[in-house]
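See the structures that follow.
The two complexes that follow have subunit A in common; it is paired with subunit B in the first and with subunit C in the second.
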Partner chain A sequence: MGYHLNFNLVWRHFDKLLNGLVLSLELALLSILIGAVIGLTLAVWYVSAGRFARGLISGYVEVIRNVPLLLLVYLVFYGLPTVVNIAYDATTSFVLTLSLYSGAYLVEVFRSGLDAVPRGQIDAGRAIGLTPIQRLAYVRLPIMTRISLPALSNTFISLFKDTSIASVIAVPELTFGAQWINNTTFRIVEVYLVVTTIYLIAGYMILLLLRLVERRFRVER
Partner chain B sequence: MEVVPLLAIEQLSKSFGSNEVLKSVDLSVSAGEVVTIIGPSGSGKTTLLRCVNFLEFYDGGSIRIDGSEVGFRDGSQRRRRTERDLARMRAETGMVFQSFNLFPHLTAEQNVTLGLQQVRGKSRKDARDTARHWLARVGLEHKAGSLPSELSGGQQQRVGIARAVAMEPKVLLLDEITSALDPELVGEVLDVVTQLAADGMTMLMVTHEIAFARDASHRIVFMADGRVSAEGSPDHIMSGADGNDRLEAFLSRFRGSRI
Partner chain C sequence: MDQIVYAFPFLLQGLWTTILVSAIVVALSLVIGAALGVGLVYGPLPVRLAVRILSDCVRGIPILVLIFMVYYGLPPLGLRLDPFWAAVAALTLFKAAQVVEYVRGAIGSIPRGQMEAGKAIGLIFSDRLRFVIFPQAVRRFLPPWINGVTDAVKGSALVSLLGVVDLMHAINQVIGRTYEPLPLYLLGAALYFAINYSLSSFSRVLERRYAFVRE
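Moving on to the complex of A and B:
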């Protein structure tokens, strides 16, 4: 064992990692917000849509779920601008990709959440004379959101980890920061030990925070 | 002069697939009347009740409340009402459910104010005052801020009653409202219903509480096999309605217990 761990070079560039972590969190948060809008819209549309629209929505979900995220990142960043005349930087491109990606998963989350709203509570909304839109706004969506919270938390934690894939298109998030330090200092073991620890701690903090939120909004069914 | 009933059900029929659950049911309820439907399970009682506010679509016959057909547009053709129109019609009836069905994300008070604000168009303050009034009437003013999960079954059901009654429905439908309750909680709910009856609320209810049906109703309807098998005053029905075999068989299950 001739290798001696030396973290000094990693600490010297620690700001790269901190900035990277902040960007990773931002990417995940922005993507889940946009993804939630996509997911919610499509889920609500799905449950009231005809066969054709349902087919389209299912198609979107299946494509996203069966294509590796890495490939989607390449397709959107390198492929899309060549086909259509648009230009965006790597970060925008990645947010777009991850939003579409989380959107597909969230369609399923919200759709099963809507299905899980107890029939009786919808009947109660009917019985007091709520219109379908009012039932959606005041009964189905609020209950669905609470039912979906645990799955939503899991999706967010997955997305946070998936942001590391943005490093392949040079988005300066946490993993890219690690690669940069590694390329500069060649302290590969130290860098990845530190980065792994950062992912672990950050992910666990997020989990604890989301569990608190879940407990606050838990509903008895 | 003939009195027009508040609720008039004529030749109502309804099937689930090939299963005919209601076979030409006739039933009318006058304003201020309390009518109870009893009968063995599977006889169509709950389905009948759910047709009255169109939670269930009915295949044939008519249901009129105050002269207006419930599920279909007025006129000769049998055209289903639009959802908006149906919502308006449903607000004319109130319903209390066997499994309470309170909105779990709303407090007791918000359960009551939701319909008042969104359907009746009351201001926040008016809705709140009305909700407080009715929660007090069912003995739960101190629970206004509680979520359903923080209430006992009996308390939840009383909120359910407040939610329905606060809308000032023309008819209140009660669907086995004590069946899901522990025996010791049944009394508090039935007391509320007795008070409403005394106030002149028009009610159509399904119950397995035979003794309560006898004491609280003006009229009892015995249903069997999707039909009205016997109908009359509580005394008339409880005495077996002139030798109606199915009624006798049904009542014999309760004899010797609490009746």
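Moving on to the complex of A and C:
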């Protein structure tokens, strides 16, 4: 075995990891926000859409869910610029990819959330004379949001872990920070011990926080 | 287009590696995960605790980090794996942790009365598992597990980052020659989609078939 752990070099570059963690969290947060907009729009559209639109939305969901995220990241970063004439940096490209990715998962989450809104609530809205738009805004969406919260927080945590894939296109997030320290110091074992601990602690903190929010907004059924 | 036709045999080779990696990972993780899962449900407290901690830790780390950890982190400690097996080991670990949760969920969904009935007619513990719990739990386990196989296929794309020539890596190598990323990435997406969509459709069919299993 004869390996001596030496964490000094990791501590010296610890700011790389901290900045990386912050960027990872930002990437995940931004992506789930944009993804939620995509998911919500498509889910609301889906429940009232005709056959053709439903097919399109399901197509988007199935394609994204069945293709590796790594390939999607490459596709958007290397493939897309060859046909669209827009320049974007790696971070923007990754946020775009992860938003489309989370959007596909959130369509399903919101769709089942909308299905789970109790029939009586919608009827009650109709009874007090709310228009369909008002029923959506004041009855269905608020209840759907509260029902979907647990699934949303699971999606967020899994997106946070997925941000590690951004390192392959050199977005300086946590995993990239780890690789940078590896390449400069060769303290590989120490770096990965620290980085996995950071991922675990951050993941658990988010989980605990989100569980509190979930409990606060839980729907009694 | 003719470039794609030219490169196709090479891509098929990559696809074969992807399937091979996925198959090994799925088989190994099923055995390990099922054993650990039974340990998590029926084991003594130390075993339950150990499996719980292992599963939570493994699932809390990004797969990419897990793969790098096994491939780059183990050699300094004296264990040198070649890229293929390092990736397989890391993916298996990750998948096994998922299988543990499927097993726990499946066994947990079997009503307590079944176990008690087994005790009442005098079956010993291993027979109760074999004849009472497992035949019912398998129906709960199969649909999510097959759906989870798509995760293994998707995760296997990460082995390309260790230089293993799987479908993902083969695509990147062809692009390195032709400088035409879009058509090749789309082709790759179509191939992954074909595999995974058939798996998840199969899972849905099974789920519908086993839907009769309710308390």
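The rule is short, and it goes like this: the second predicted complex is superposed on the first by the 221 of 221 C-alpha atoms of A that agree within 3 Å, B and C clash if a C-alpha of one lies under 4 Å from a C-alpha of the other, contacts with A are read in each partner's own complex, and residues count from 1 in each chain.
Here is the rule we use: a residue touches a chain if its C-beta (ideal position, glycine included) is under 8 Å from a C-beta of that chain, and two chains touch if they have at least 3 such contacts.
Keep in mind that this is a model prediction, so the values were computed, not measured.
Colleague: Looking at the overlay, does A:108 come into contact with subunit B only (first), subunit C only (second), both, or neither?
Modeller: It touches nothing on subunit B or subunit C.
Colleague: In the superposed arrangement, does A:67 touch subunit B (first), subunit C (second), both or neither?
Modeller: second
Colleague: Touching A:173, do we find subunit B (first), subunit C (second), both, or neither?
Modeller: neither
Colleague: With both complexes superposed on chain A, which partner does A:121 reach: first (subunit B), second (subunit C), both or neither?
Modeller: In the superposed model, A:121 contacts subunit B only, not subunit C.
Colleague: Between subunit B and subunit C, point out the one touching more subunit A residues.
Modeller: Result: the larger residue contact count on subunit A belongs to C.
Colleague: Between subunit B (first) and subunit C (second), which does A:142 come into contact with in this model arrangement: first, second, both, or neither?
Modeller: After superposition on chain A, A:142 lies in contact with subunit B alone.
Colleague: Check the residue A:204 against both partner chains and state whether it touches subunit B (first), subunit C (second), both, or neither.
Modeller: Second partner only, subunit C.
Colleague: Which subunit A residues qualify as touching subunit C in the complex?
Modeller: It is residues 1-3, 62-63, 65-72, 74-75, 78-80, 82-83, 161-165, 167-168, 175, 178-179, 182, 188-189, 192, 195-196, 199-200, 203-204 of subunit A that touch subunit C.
Colleague: Mind pulling up the subunit C residues that touch subunit A in the complex?
Modeller: That would be residues 57, 60-65, 68-69, 72-73, 76-78, 150, 153-158, 160-161, 168, 171-172, 175, 180-182, 185-186, 188-189, 192-193, 196-197, 200 of subunit C.
Colleague: Residues of subunit B touching subunit A in their complex?
Modeller: 53, 55, 83-84, 87-91, 93-95, 97, 99, 101-105, 114-115, 118-119, 148-149, 163-164, 167
Colleague: What residues of subunit A sit close enough to touch subunit B in their complex?
Modeller: On the subunit A side, the touching residues are 118, 120-121, 123-132, 134, 138-139, 142-143, 146, 217, 219-221.
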